[in-house]
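Look at the two complexes coming up: subunit A is in both, with subunit B in one and subunit C in the other.
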Partner chain A sequence: MEIYQIVAVGIVATVLAILVKNQKPELGIYISLVTGFIIFIFIVAKLQSVIEILNQMANKISIDDIYLSVILKIVGIAYIAEFGAQICKDAGEGVIASKIEFAGKVLIMVMAVPILVSLMDLIINMVP
Partner chain B sequence: MEIIREWIMTILSIIIFVTFVEFLLPNNNHRRYINVIIGLMIMLVILRPLTGLVKGGESLAEDILQTSNQMEVMTMQNRVQTLEVNNQETITYLYKENLKSQMKNRLEKQLGYKVLDIEVEIEENNMDEFGMIKGINIVLLDEEKAQEVESNKKIKDVNVMVNVNVSLSEKNNNNVKADSILLDSGGEIIKNDFSSFYQVTEDNINISVLKNK
Partner chain C sequence: MIMNVDLIFKIAAIGIIVAVLNQVLKHAGREEQAMMTTLVGIIVVLMMVINLISNLFETVKTMFRLY
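For the complex of A and B:
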């Protein structure tokens, strides 16, 4: 069970960070950063397989590929922006974190514009 | 019948997929935007076949790809434009700096003056003659020479306003005007030397010496 490994890594890192924090507070940030990456890498492989299976399913029932890819891309952008912003917030850099969130919002908006344009096109064509 | 079946399948599978994917969403304010976009997308999926009946349009994927490609192209164009402007500015700056250091070396090593500042004005708008020197403004700091000139001409109490160069901007000259005087005898040598070396007319070379206080 991978959840044991992940929780173990998390707890060990937390204990380490608390121990180190008294002597050198800046080391705590490095520990949390590295732990975050380790857990992320653990999970990414699993997530990849899930997404591949979903894609296969989508091909089987022959729905347009574009829907799934757009939704997944948007979720990915949101998730990665959140990940980066959290690390910055932990390190006490709230301003940088808010900038990362802003960039995430803009990129999500960029992804949404083609959908919006086609929807508007559709509505304009429908209404005589 | 086949079209209706496909339509219903698409709507259902997208709704199921979205519900599933919502697990992954982080718990922050991104969720709102994502929900709006998903709502737009479901609206699009539901409305899509209606226009298909009115006019057989091309597939949605093509539409979306076309728009996103258009946006990519525009982004790239903007980036290239910014890069070009930056490049141009850097080239001009480097060219001016190199010219200045070359002139400074020439003045200090060959003619033995101390240089305080050199301003070079070059042709930037006309691409055929890009880089041609339009004007040079030299401020020298030569204590001996300055004292010599001062004692010869007794200009201690005279506020000499010298501004021969018309092409250089007024502001540039104002910086040194109040404290400087035009160098006559040595100036001719520098002017001759510079005008033959850099191909600038002597009228456009402006030389001043910072007055010793």
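For the complex of A and C:
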């Protein structure tokens, strides 16, 4: 099972990160960054198959592709923003982390506006 | 997967070497060289990490269709 590998890599990397952080705080951040990357790359194949299944279901129900792609985009933005914010928080830079999260929220809001507009149109048309 | 895990150990090794070099240089009285080795260590690791980060962003871009 992959979960064992992931947990093993995580624990070993944590121990190394602490070891290096005591001597050189700058390099400690690199280790946690690289570990986060490795675990994500390890999982990305599974995530890809889940997304494929979602696409097939969407085609079957024949809802148009805009909604699903917007959802995927939002999930992508949320993931990257959270990844960056977490790295900054670990390094002790709370201010930068909150700014990254703020920017992520705004970008997601911008992404969601078209859907909100279409929803409003739908509601307005329904009311006689 | 395996190739990447070596990177963690490489970075940890560089970190420890830089730390030890720093101590040695400090006790030898050469503060500037100590600072220089720290900078060199950070830049070398930065070079290695930047490729990984661009790779990560590329993967996320293609996967979530974040063009």
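FYI, the second predicted complex is superposed on the first by the 121 of 128 C-alpha atoms of A that agree within 3 Å, B and C clash if a C-alpha of one lies under 4 Å from a C-alpha of the other, contacts with A are read in each partner's own complex, and residues count from 1 in each chain.
We take it that a contact is a pair of C-beta atoms (placed from the backbone, for glycine too) under 8 Å apart; a residue touches a chain by one contact, two chains touch by 3 or more.
Since the structure is predicted, the reported quantities are computational estimates derived from the model, not experimental observations.
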item: First, second, both or neither for A:I43, with subunit B first and subunit C second; value: neither
item: Which superposed partner A:Y79 touches (first subunit B, second subunit C, both, neither); value: both
item: First, second, both or neither for A:E26, with subunit B first and subunit C second; value: second
item: Touching partner for A:I53 - first (subunit B), second (subunit C), both, neither; value: neither
item: Partner chain(s) touched by A:M109 [first = subunit B, second = subunit C, both, neither]; value: first
item: Partner chain in contact with A:D121 - subunit B first, subunit C second, else both or neither; value: first
item: Doubly contacted subunit A residues - partners subunit C and subunit B; value: 47, 72, 75, 79
item: Parts of subunit A lying in touch with subunit C, wherever the complex brings them together; value: 5, 9, 12-13, 16, 19-20, 23-24, 26-28, 30-31, 33-35, 37-38, 40-42, 44, 47-48, 51, 69, 72-73, 75-77, 79-80
item: Touch list for subunit A against partner subunit B, complex; value: 47, 54, 57-58, 61-68, 70-72, 74-75, 78-79, 81-83, 101, 104-105, 108-119, 121-123, 125-126
item: Subunit A-touching residues of subunit C, taken from the complex the two chains share; value: 1, 4-5, 7-9, 11-12, 14-16, 18-19, 22, 38, 41-42, 45-46, 49, 52-53, 55-57, 59-61, 63-66
item: Residues of subunit B touching subunit A in the complex; value: 6, 9-10, 13-14, 17-18, 20-21, 24-26, 28-31, 33-34, 36-38, 40-41, 43-45, 47-48, 50-51, 54-55, 57, 59-61, 63-68, 71
